[in-house]
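Labels run A, B, C and D following the written order; every chain starts at residue 1.
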Amino acid sequence: MIVKTSFVSDNNSGIHPEILHAIEKANQGHCIAYGEDPFTEAALKKFKEHFGDNIDVYFVFTGTGANVLGIRAITQSFESVICSEISHINLDECAAPENFTGCKLVAVKTDDGKFSPEDVKPLLAVKGDEHSAQPKVISITQATELGTVYTQRELITLANFAHSHDMFLHMDGARISNAAASLGLSLREITGDAGVDVLSFGGTKNGMMIGEAVIFFNKKSKNKFKFIRKQGMQLASKMRFISVQFEAFLTNDLWLRNALHANRMAKLLAAELEKIPGCTITQKVEANAVFIAIAHKYIDKIQKEFFFNIWEGQQPVIRLMTSFNTKEEDIQDLIQVIKKIVES
Amino acid sequence: MIVKTSFVSDNNSGIHPEILHAIEKANQGHCIAYGEDPFTEAALKKFKEHFGDNIDVYFVFTGTGANVLGIRAITQSFESVICSEISHINLDECAAPENFTGCKLVAVKTDDGKFSPEDVKPLLAVKGDEHSAQPKVISITQATELGTVYTQRELITLANFAHSHDMFLHMDGARISNAAASLGLSLREITGDAGVDVLSFGGTKNGMMIGEAVIFFNKKSKNKFKFIRKQGMQLASKMRFISVQFEAFLTNDLWLRNALHANRMAKLLAAELEKIPGCTITQKVEANAVFIAIAHKYIDKIQKEFFFNIWEGQQPVIRLMTSFNTKEEDIQDLIQVIKKIVES
Amino acid sequence: MIVKTSFVSDNNSGIHPEILHAIEKANQGHCIAYGEDPFTEAALKKFKEHFGDNIDVYFVFTGTGANVLGIRAITQSFESVICSEISHINLDECAAPENFTGCKLVAVKTDDGKFSPEDVKPLLAVKGDEHSAQPKVISITQATELGTVYTQRELITLANFAHSHDMFLHMDGARISNAAASLGLSLREITGDAGVDVLSFGGTKNGMMIGEAVIFFNKKSKNKFKFIRKQGMQLASKMRFISVQFEAFLTNDLWLRNALHANRMAKLLAAELEKIPGCTITQKVEANAVFIAIAHKYIDKIQKEFFFNIWEGQQPVIRLMTSFNTKEEDIQDLIQVIKKIVES
Amino acid sequence: MIVKTSFVSDNNSGIHPEILHAIEKANQGHCIAYGEDPFTEAALKKFKEHFGDNIDVYFVFTGTGANVLGIRAITQSFESVICSEISHINLDECAAPENFTGCKLVAVKTDDGKFSPEDVKPLLAVKGDEHSAQPKVISITQATELGTVYTQRELITLANFAHSHDMFLHMDGARISNAAASLGLSLREITGDAGVDVLSFGGTKNGMMIGEAVIFFNKKSKNKFKFIRKQGMQLASKMRFISVQFEAFLTNDLWLRNALHANRMAKLLAAELEKIPGCTITQKVEANAVFIAIAHKYIDKIQKEFFFNIWEGQQPVIRLMTSFNTKEEDIQDLIQVIKKIVES
């Protein structure tokens, strides 16, 4: 459904005008398909400006595609991927990771979506035992599914731990822009420089129409990815129209402007919600998500006017996502609605 | 590379203006993701106008995705798919069909890309033998990879044969529009009405930016496809921007106008080529492809000015594809170049 | 290593003499391969005597093979299997279930290896959501990996629950004989009659050389299993030598005699261990496993004389398995060793 | 069915007495499972005596298991395996290779089951093209499915060719013993020494009860095979009973004695058949198979008295397999039957 503003997910937003303009501009004449074109070349150059020259980048269609194929490239089917219990790869990809990689996902319980080497250590006891899938990847989400953000130090610690156990660090960066904006660090500082081996770099949730990228920082982990992408049904024929989106995204800090805005809207939303009796913010608001616990009786009423997701658990928690084009007045409207319902 | 006009493939063309306009128009406000939006509803309605009410339609990103997931939906891993040796699923999908369905592809030799029940019959001897993958799908391409077109009668014969042996008829319709335009029949007459069970309906090669559809005519064969699509990494979050492309594509006969033009350009090209000594048209020109045998010494020279594909085989054959925006003067330019080279 | 008696696992035992004798007797002349022989026919008949006429039975090589292929037969790749966190399919099959079925395994925490509908209910909230693997199978182990046994009532409750949610009940019966012996019920009463849809019927751990069976009680769930077995690399060419083992196993209650003995040895062992200060039995001894918590300092010393497995966890727990040919004096020897070490 | 002597396949034979005796002898006491036992150690030593110290050997249950897992160990899912059109992996493994490796099988037509680099060369044109599965393995069968045998020179030529194109040479050696016996060469001379990278070493067809081995000559190709075997459901718990079969098989040339006998019986059979008018030997008799073309009207009658396979094709061809325990009088009986029918 079209709605004035949705708080369900940042993918309910549309295409940022600068992105759409780039698509329009690229629609001139014929162009070799599958990425051998100057638009793609230019986009790849942009990526190297942001992430350094030592990367390999590949464009795909979806976040699930980026995660699954990125992990596929660094695993064998008898290995396992350690992830958070609430991670997108564990909950929201319909077993695509298991199906396409053959690997087991081993889920770690977390309070705030983040986990540490301490959580992983006990899972490594099976190393070398042929009866057990062999731990090979630590997969984290940045920003997490709970709107929290790993610090650079936490990332380095996890990466060092992974590498010291002959494992890779994979990052689901569907909202990496929001994390970088939150930390005030560059994209590179919280990915390759922190030791991330493979990154799913998100575009769609932050203003693109369609497009995610898989970035390999560890050249050894790349492993003929172009074949994996094609076999994974993620190779676009009219590639230029994905490439120019990314070029625009990485030009004039569009990625950052969008993320800063979305994060700011989340902070504003949280600040207003905190003032409402009966609303409890349950997670640190570090990116563009706000989680609030609120009595069940209110939820139905609020849902009649605004869209958002209800999070599972004992007490009802609702997730409110902001995006690059959430407006301040949308926040105020939502707050008014909640206030009225709670206070009535 | 950007080129004035490419004859490599119809996917070297860009986005038709009516399609791009539809994308622009849909970029208003927020909208529920994953297809629960009014744009998608409208597009599905258009599909039913063209194919009848008894279909199920799902949008995916690529032709490979459409073929693989469509076949996945109607097979079990111990079954086999009978296809032409030069079919896209056999040659150009990097073993994605085998990898994602687990099935064997059994390839049939053909002269013109088309095959008949006679070619399939000997392959059915293994039915019931647990040592052999069990024939379950006949997969054909319409128009074929050689630019030929199955008649409606040929399709009905194949479909009846498949069904009488408890098999499905799958059609790779990456260029189904060109086939319908060629035959002067509706889309429905050469698919569902002819007995096709599952159709990969092509959009990208005929003027869309990104987008293919999987259509199930046989409701029994559908089999919970929404899960297969998600697991197959082919579910778009900002679905509206694929849906509106399809809506425009199926409105005011855009699909047909584009296909008729491309076919006409191919006929024109063939007519001109026939006049050039040393050029032999090797396949009937029934859709938007022209295959010519030409001495090897000429090919390199022509390639310096125009892009196209060289087809394997004893004598060199080159494939020239036309598209919705191939211009008459491009044809004339190409003809002049070839003439000059051959006559020099 | 060959050892006088091992308490590591019941598969450290050898071949029961009646089984070996059957193999010897079958080694006469030539015989059609792959199961079209009179030995296999006779074995299948034995199975029907025990489990009823309405079953389909297939022989495979290993417990992992039986579990994986049995589950494969009743699932599609986008579905999930709910199992105990410590189940064999989750911990000890090197991700074979994920790899061969494509499904996700969803693990449930348990205290004693058994779980109930209450544990499964919250996991069904994702039904119908295309982003989530769809719950389709409840897989339990009988006797469990912790040596406990589901009562017939508990089984019926689980089966009814599964069926009422359009799911199947799969049972890993690697030690189904020990469970039946423990409950004093027939094999049929705790499998098909209780509502089990697919059973991995264990032979190897209870006196056979090589051989497990997959039994389908729900004919609808069978689904062309002979092809799945062949594709799963579990079809024996000289099938008669597996069949005759099963025939002997199911004749004159050999399965029951063996299981009763193993169970009795476990009870004896537990009774003796309880008398030793510092040894705590941590699980009910209902089949042929004894779990004891014991101070870490003792474990190394005991291991110098007897083989067994150390179970993970906070306080060290060791698992002692008895088998069809564990002797009373082996128990006494082990007890003496432990006593001496603990008391020194 | 039990029959006096079958000519259907060498797997219709039983267990050689020396093999059965070895199983009986190993059935003493308890023994660590999964291959960490002295029987397995001894068997591995025997393999090294025959194949050299630089090998890795793993035991599995079936020829299909050996082929599929051996190929799995040296491929990625986007690669292809080039094999003969009539090879076991292409025709008789129910798409297990495709399903478990994800790879495409590319079949080469042959007259006599053997192929050469000339047949493979045209298939390498796709190297580097992301749309095509990448050729990585040449898989041959020795002795072939048509009873012919590659010479050592032919093997070396194929191996050199494979390696010079960054490919592996895989050999399905279900009847490798018959090939070595035929050539008068050691097992090593026609495998590792000739450049074979991975060998499926057959035991079952030549007198064992159950057991095949996967041998890696190229250590780089091994790639953590123990996990692949476990995930491939081919790890035996009571491994000792497979190991001792192999030990006996490789002791006192049992493998060779059996193979020489079977080959001799085939020669005898062929010599007698040649004398019968209307019988034409269609393939060189180099191992233990005899193929004869014979009028259709005779086949039914012969089948009433002896079992064998009818081979597909234009004119009816029947395959007669001999084995380690085919007796001369069985041959004479068969010849008499055929003679009588043909001459009546």
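FYI, contacts are C-beta pairs under 8 Å (C-beta built on N, C-alpha and C of every residue); 3 or more make two chains touch, one makes a residue touch a chain.
Since we're looking at a predicted model, the values are computed, not measured.
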Under the document's definition of touching, what chains do chain A and chain D have as common neighbours? B, C
By CA centroid distance, what chain is farthest from chain C? B
By C-beta contact count, A-C versus C-D, the higher one is C-D
Between chain C and chain A, distance of the C-alpha-averaged centres to the nearest whole Å: 41
Expressed in whole Å, how far the mean CA point of chain B lies from that of chain C is 50
Find the geometric centre of each of chain C and chain D from their Cα atoms only, then give the gap between the two centres in Å, rounded to an integer. 34
At which residue positions does chain A touch at least two other chains? 77-78, 93-95, 99, 102, 130-131, 133, 227, 230-231, 235
Can you check the complex and tell me which residues of chain A touch chain C? 77-80, 91-95, 98-99, 102-105, 107, 122, 125, 130-133, 312
The chain B residues in contact with chain C across the complex are 34, 76-78, 102, 130-131, 133-134, 223-224, 226-231, 235
For the complex, which residues does chain D have touching chain C? 1-6, 8-9, 11-15, 20, 23-24, 26-33, 36-38, 61-65, 68-69, 93-96, 99-100, 204-205, 209-210, 227, 230-238, 241-242, 307, 323, 325
